[in-house]
Each structure stands twice: as structure tokens, then as C-alpha cells.
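Heads up, there are several structures right after this.
Presented sequentially are two complexes of chain A, the first with chain B as partner and the second with chain C.
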Partner chain A sequence: MADDTISVIKLHNVLMVTVPPDPDDETVSALQERVLQTMERYEAKGLVLDISTVETLDSFFARTVVETVQMVALMGGRTVLAGMRPSVAITATQLGLTLGSALTALDVDRALDVLDDRPRLGGDGDDQ
Partner chain B sequence: MATETGRATRARATKATQRLTPDPEVYARLLVDTVSDYAIFTVDTAGLVLTWNRGAERIIGHRPGEIIGRHFSCLYPQERIDAGVPAQELKTAASAGRFEDEGWRLRQDGSRFWANVITTPLHDPLGQLIGFGKVLRDLSQRQQATERFRLIVESAPNAIVMANHEGLMVLVNSQTERLFGYTRDELIGQSVEILVPESVRSVHPNYRASFFADPKTRAMGAGRDLYGVHKNGREIPVEIGLNPLVTEEGSFVIASIIDITERKQAEATIARQAQEILEVSTPVVQVWEGIIAAPLIGTLDSQRTEQFMERLLQRIVETNSPVALVDITGVPTIDTQTGQHLIETVTAVRMLGAQVVLTGVRPALAQTLVHLGIDLSHVITRSSMSAGLRVALDILNLQVVRNNAKR
Partner chain C sequence: MTNEDAGEVRIDSESDIVAARKIVRDMAIALGFGVTDVTRIVTAASELTRNVFRYAGSGIMRWRTVTAGEVIGLELVFEDHGPGIPDITRAMEVGYTTKGGLGLGLPGAKRLMDELEIESEVGKGTRVTVKKWRK
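Take a look at the complex of A and B:
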């Protein structure tokens, strides 16, 4: 999949990316590239990765996501993974894949809430 | 023995032991008289007993004095005498030169025994028929063994089919008739394939060939569901054991067939009930907008946890609930594995963008968790469901306000 098929949408100061279903390694790398470039251009405060169409989560994808979260954080933004499918979550858990410090939300709507200074709605569980 | 050497030997023997009678005729008579494993006797052309050896006395019981001069038909059961068997036997032996019979005979005391009798016509040097020689063997022991075998096969709870190398049935028992709906006559001589479902009928001869290539006692179709076909076409779930049997007549296979219809039904019922229990025991309900609750009841094993995880995640997405209360009040005990399952569930829920509040952690459970070293420090836990609900409301920035507080 070519670089230009991934669209990074900027809404106010948040970037939104819909990850295509079944992304290959190349797409995942291109996505990271595009996201970081856009971050630089707009100095966005947050990134929402909509993964609601993703049906499988492999280790490369998981690692790239974790890296992207760290890179975006270094550039001053916070990342929320939105809309992971139950089946994907179960498989990922069984495979022992982790998403590091990435925030999660049930959907894009709630992801925006998370970025909107209401972090408790997210899945990072900073309760204790 | 009429050779030169024979005569010379005999001559020497005569010299050495002059008091002994060297006549071979005597030996022959002695042999017949003394043999006790066979009843050897002769009858005249009319069937009256002429001679009676020691074996006859032992096996049949009559002493020579009692039987000589009587008609040999007294050795037959009445129904065979009525059928004219004794007379017929002599007739056949005279014309064919030999007659062999296997059947019931009577002892002196009237009891029956199973015997093999060979009747040979005796002729004088001129070729005139002068009587018959009869050699009788007592087969009652063999008969008993055969009878026992038959009874065992017949009374076996399983259908038993014995087939030869070509797959033709040579023996079936009454259970086979009952199970497949054919009569014995309809089965004997037929190929076993008529009892095999249509779908595997074409490959079955290959299975047979491979069995005879390596004949071993084993179960048929390991791991597969086997079916037999009833005469009316209905397929019956069965379990089949195969035993090779090598006899003088060739190789055979004995198939022991058990109808497992009832067991299959029971298994299906158990599986369905297990599934129902699984579903009943893990309800996931929405208690508030954005909050679902799942009370866990009973022991958590891998299979149940997996099912529970699936349902929980599914409901979280369906109801768009960021908080899931998982109540473990009804879980009797927790071991390392169960703890691991719970942690997995929490992790998976977190990936969705929701979080688990684990409630119902009783003192005993808390002790167990700590002693086992199950680390739930990154999971929100509460001792009661109501405490968990307060946490959930807090997470959602909701507040429950008493109505009259405003007034």
C-alpha cells in the first residue's frame, strides 16, 4: 500500500488516522512516517489511532504502535488507540503482546474525551 | 512283512523266545481289543453286534456280554432310529465303501454323547459282504467346547461378526441380527460391506486389506465416528473392536460391534448442558450507562475464562461501556492459573479502551492472592460490588445525589 493512501486528518489540535484493515509491515512503517511528519507540521497535542477495522494484530504492528506512541510523546503529544475489536484484544493478550503506555478508548469519540483532559475515561487505569 | 529279511528276523526271534506266539494276527487283534480311546466294534450284515472292544466298553458302557448279539441301533437316540438312520448308514457304507457320521449316540445309561463314527464294510476273501466295522470317537468334549463357544458368542452383549479374508461373513450372533435387522441367513456369505455406510463402502475393502496385512487386535477407525447401516437404511453409531483369528481354514477377523446410540445421545446432552451452564454462569449485565457488571460464579478454568473474556469484551463494545465490574464473590477459590486468567481479561479489556474493576475480593481471597504472589496491583480491586460501583461512577465523573439534598 502506497504512502499516499493513508490520510492523517487534523481536527483542531488533534490528529486522526484510520489504520486500514489488515495492514502490512510497509503500510505500518509508512503510517508512522506520515504521522510524525504531520505532528511536526501542526504541533498537535494528540493523536487518535482508529484501529476499529483492524482484524489482526501482529507483533510488528504492536511494536510499531508502541514506538510511535513513544515518538509522539517525545514530540509533545499523547496517543490514544481507539476501537480495538474484542477478538483482536483476546488474540493480542494470548500472544502476550502489550501496547506499552498507549492510552486506549472504546471509540474515537471517547478517545477525544481522553485527550480533552479527562484521562480517567481511558484505559490506562491510573487509579491507584 | 512278507520279505526275506522279515522272515529271517522272525525266525531269529522265534528261536530266542520260543514260548511267545509270533503271529502278527495276534498283535492286530490285541491292538483292536486293547485300544481304549476308540470304540471299535463289528456288526453283521443285519446289524447285530459281533465284537466289542475295551474302548467301546469304556466309552459306551455296555459290557461285551450284554451287547453282543443285539442290534447296534440301541446306540442311537429314538428319533434317529425312527428316521431309519442306522439301516441307512449300513446301506450307504456297503455301496460307497465307507460312511462317516457325526451325531448323538446313547450310552448304556441312556445319556447322550456326541460321536464321530466311521463305518467300513467288511468283505470275505471272495468279496462277499459279511459285516461292518465301526470305529467310534467320543467328541463330547469337543462338542462341549464348541457349544460353549457358541453360547459365549450368542450371549455376548455385543454384536459379533466373523468375516473371512474376502470380507464374507461366516458367523454372526443374535445381537448382530437385532442390531442390523437382518436374519442370520441373510448375512452369512454376504460381504460385510452391506453393514457399512454408503459413504465409506468403496474404501472399506482397502481397510480390510490393510488389516489382514498387519493383523493386530485394535479398535476400528481410531478417532473417527463409526456408523453401521441397519437393513432399513438407518445409520447407527457404533464402536468396533477387531481381532484377528488364524485357523486351519485361513485368516479371519472377528469384529465386535457395540451400539453407542445411547452413549452418543448422553454425550450430546452433557455437552449441551455444559454449554448452558457456561452461559448461565457468566451473565454480563449493564448496570448503568457506561457500566457493565459480570458476576462470576464457580471455578474458573481456562475454557470458561476464555468464553467469559469473549462475552465480556463483546458486551463492552456493544454497550459502549468504559467500565466493567467483574465480581468474584461467587468464585470459591483462586489459584495461580485462575489469577493469570483474570489478569489476561483485565489486559484485554484495557486494550479495548475500557477498564475492569474487580469486586468481591473477600478476606480469604485477598489472603490467597497475596500468598500465591498474584500481582493485581495495577487492577482496581474492591471488596464489594457497591464499592466497585462507586469507583465506576467516579471514573465516569458521575455522582449520585440524594433527591432531598437539593430542597
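Take a look at the complex of A and C:
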């Protein structure tokens, strides 16, 4: 049941995961497992966790995210958390959550920019 | 959605944590809390429901609308017949846990809500009462 709600999509060499809005603990744990298996299978260099629909980021969820970031790092990948809602950011900070070495971005688009560390040849001027 | 201003939900399994979150979200929205306060209340409820399940195995969450003069608020009570908390002062310290969590549940819930009260007796159980007032 938990596995159905998680989609892991490979886009070039980045994995994209959309986290469901209100996942139970089982789904959160399943997500971690799926991500690591897919990282290995596709030799991805990075992971984007899209949390833009997530309404509740509690300590269990946050701990699993931090663990996943560390595990992905051990496998040679970088993780970007994308799209945290303002209300979730305020709440997470007051709760006392820290997200360790996770990179963050305002949305998925910018998350891909963060992972894309190749030098730009054309210099199209839209990145700063 | 619920139109009643009081009710309760059993906490017997891990999936009841999600059920409790949904009820609390609906209640908080119905009472007119803003989106950030709704998120604060639901997150606190998630932490406290998980504590009931982790430490006591089962319990109950009660909710009701409370008023103080003109001000409306939401009260949530988390009650279990688990092992109880031997040292409430330590349990309120950030990072203190006996179940391998982050130790953020109680102190975090206190910061997210306006009021938090703990009654606990070792071997008998624990009751945590939290309130949030609509600003």
C-alpha cells in the first residue's frame, strides 16, 4: 500500500521524488528504501525531494529525510529538498528541526540548478 | 469534516497518527485558524499522538473547542495508560528520549502551542493537554 503513493522518476542523472501530502510513517520509511534502491540501479548523481505538497513535517519525517540525505551522500549523491511551504518552514524551525547537510531550493526548477554544477558554456545569463 | 465541537479518536496503530492529524486539521480550519497555526497545531498533534503510540502502545486523543472571554481556542488531550514519565522536567528537555527519537516531541509541541500541561504517574499513564488560542 505504502509503495503505491511514491513515485521515483529518473530525469537525466537525477532522481525526482514527489513526497505525498500526508504520508504515514510506513510510507516515509518505504520512500527512503525506494530512493536508495533506485540510486543504486541508475547510478544517479543527485536526488530532488519535492516536498511542495507536504503539509506536516514532524520529527519522524524530518529524521528520515536527514538519514536519507546522509545515505545518499554515502552513495556519492547530493540531495536537494525542494518547495517547502512557508508554514511548514516556520513550524519546522519552532519544533527545533534541523535538516543536517541537506541542500534546499525554492522549487524543483531551482533544485535542478543546484545539482547542475557543470560550467555553463553559453552563458545565457539567467543564473546568478 | 466535523461540525461537532468535541470528540475523541483511539490511537491503536501507526495509521491512527495520520487519522488524528486529519481530524485536528479539519477542526483547526473549521475554527478559523490561519494556515501557519493550522500547521503548528497539526504538527504538535502528530508528535503527541506518536508519543502515545510509541511509549504506551495505545491511548486516546480528545479534542474540544474552548473559550476564554471572547477568544476561541482548540484543546487537545492525549491520554494513555502506559508506563508514565518518571521525570517530567527531563522529558521536556530538547534531545531527551528513551525511544530513540529526536527528543523534540514534548518541548517542540510546547513551542508550537500556547499551553502545554503534563500529568503523569509511573505505572499508571500520562495525560498531555495542549491549547492553541485563535489570535
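Here is the rule we use: the second predicted complex is superposed on the first by the 115 of 128 C-alpha atoms of A that agree within 3 Å, B and C clash if a C-alpha of one lies under 4 Å from a C-alpha of the other, contacts with A are read in each partner's own complex, and residues count from 1 in each chain.
Basically, a contact is a pair of C-beta atoms (placed from the backbone, for glycine too) under 8 Å apart; a residue touches a chain by one contact, two chains touch by 3 or more.
Just so it is clear, the model here is predicted, and its values are computed rather than measured.
Student: Between chain B (first) and chain C (second), which does A:P86 come into contact with in this model arrangement: first, second, both, or neither?
Tutor: Both chain B and chain C are touched by A:P86.
Student: With both structures placed on chain A, which of the two partners, chain B or chain C, ends up touching more residues of chain A?
Tutor: B
Student: I'd like to know which partner A:T104 touches here: chain B for first, chain C for second, both or neither.
Tutor: First partner only.
Student: Determine, under the contact definition given at the top, whether A:R41 touches first (chain B), second (chain C), both, or neither.
Tutor: neither
Student: Once chain A of both complexes is superposed, is A:D25 in touch with chain B (first), chain C (second), both, or neither?
Tutor: Second partner only, chain C.
Student: Quick check on the superposed pair: does A:L95 touch chain B, chain C, both, or neither? Answer first, second, both or neither.
Tutor: second
Student: For A:A62, using the defined touch cut-off, is the partner it touches chain B, chain C, both, or neither? Pick first, second, both or neither.
Tutor: After superposing on A, A:A62 lies in contact with chain C but is clear of chain B.
Student: Using the superposition on chain A as set up above, list the residues of chain A that contact both chain B and chain C.
Tutor: On chain A, the residues that contact chain B in one structure and chain C in the other are 85-86, 88, 90, 92, 94.
Student: Could you list, by residue number, the parts of chain A that touch chain C in their complex?
Tutor: Residues in contact with chain C: 22-26, 55-60, 62-63, 85-88, 90-92, 94-97.
Student: Across the complex, what residues on chain C touch chain A?
Tutor: Spelled out, the residues of chain C in touch with chain A are 14-15, 17-18, 21-22, 25, 35-36, 38-40, 42-43, 46-47, 50, 94, 101-102, 104-105, 107-108, 111-112.
Student: Please output the residues of chain B touching chain A within their complex, sorted ascending.
Tutor: 306, 309-310, 313-314, 316-317, 320-322, 344-345, 347-355, 377-380, 391, 395-397
Student: Where on chain A does chain B make contact in their complex?
Tutor: 80-86, 88-90, 92-94, 98-99, 103-107, 110-111, 118, 120-125, 127-128
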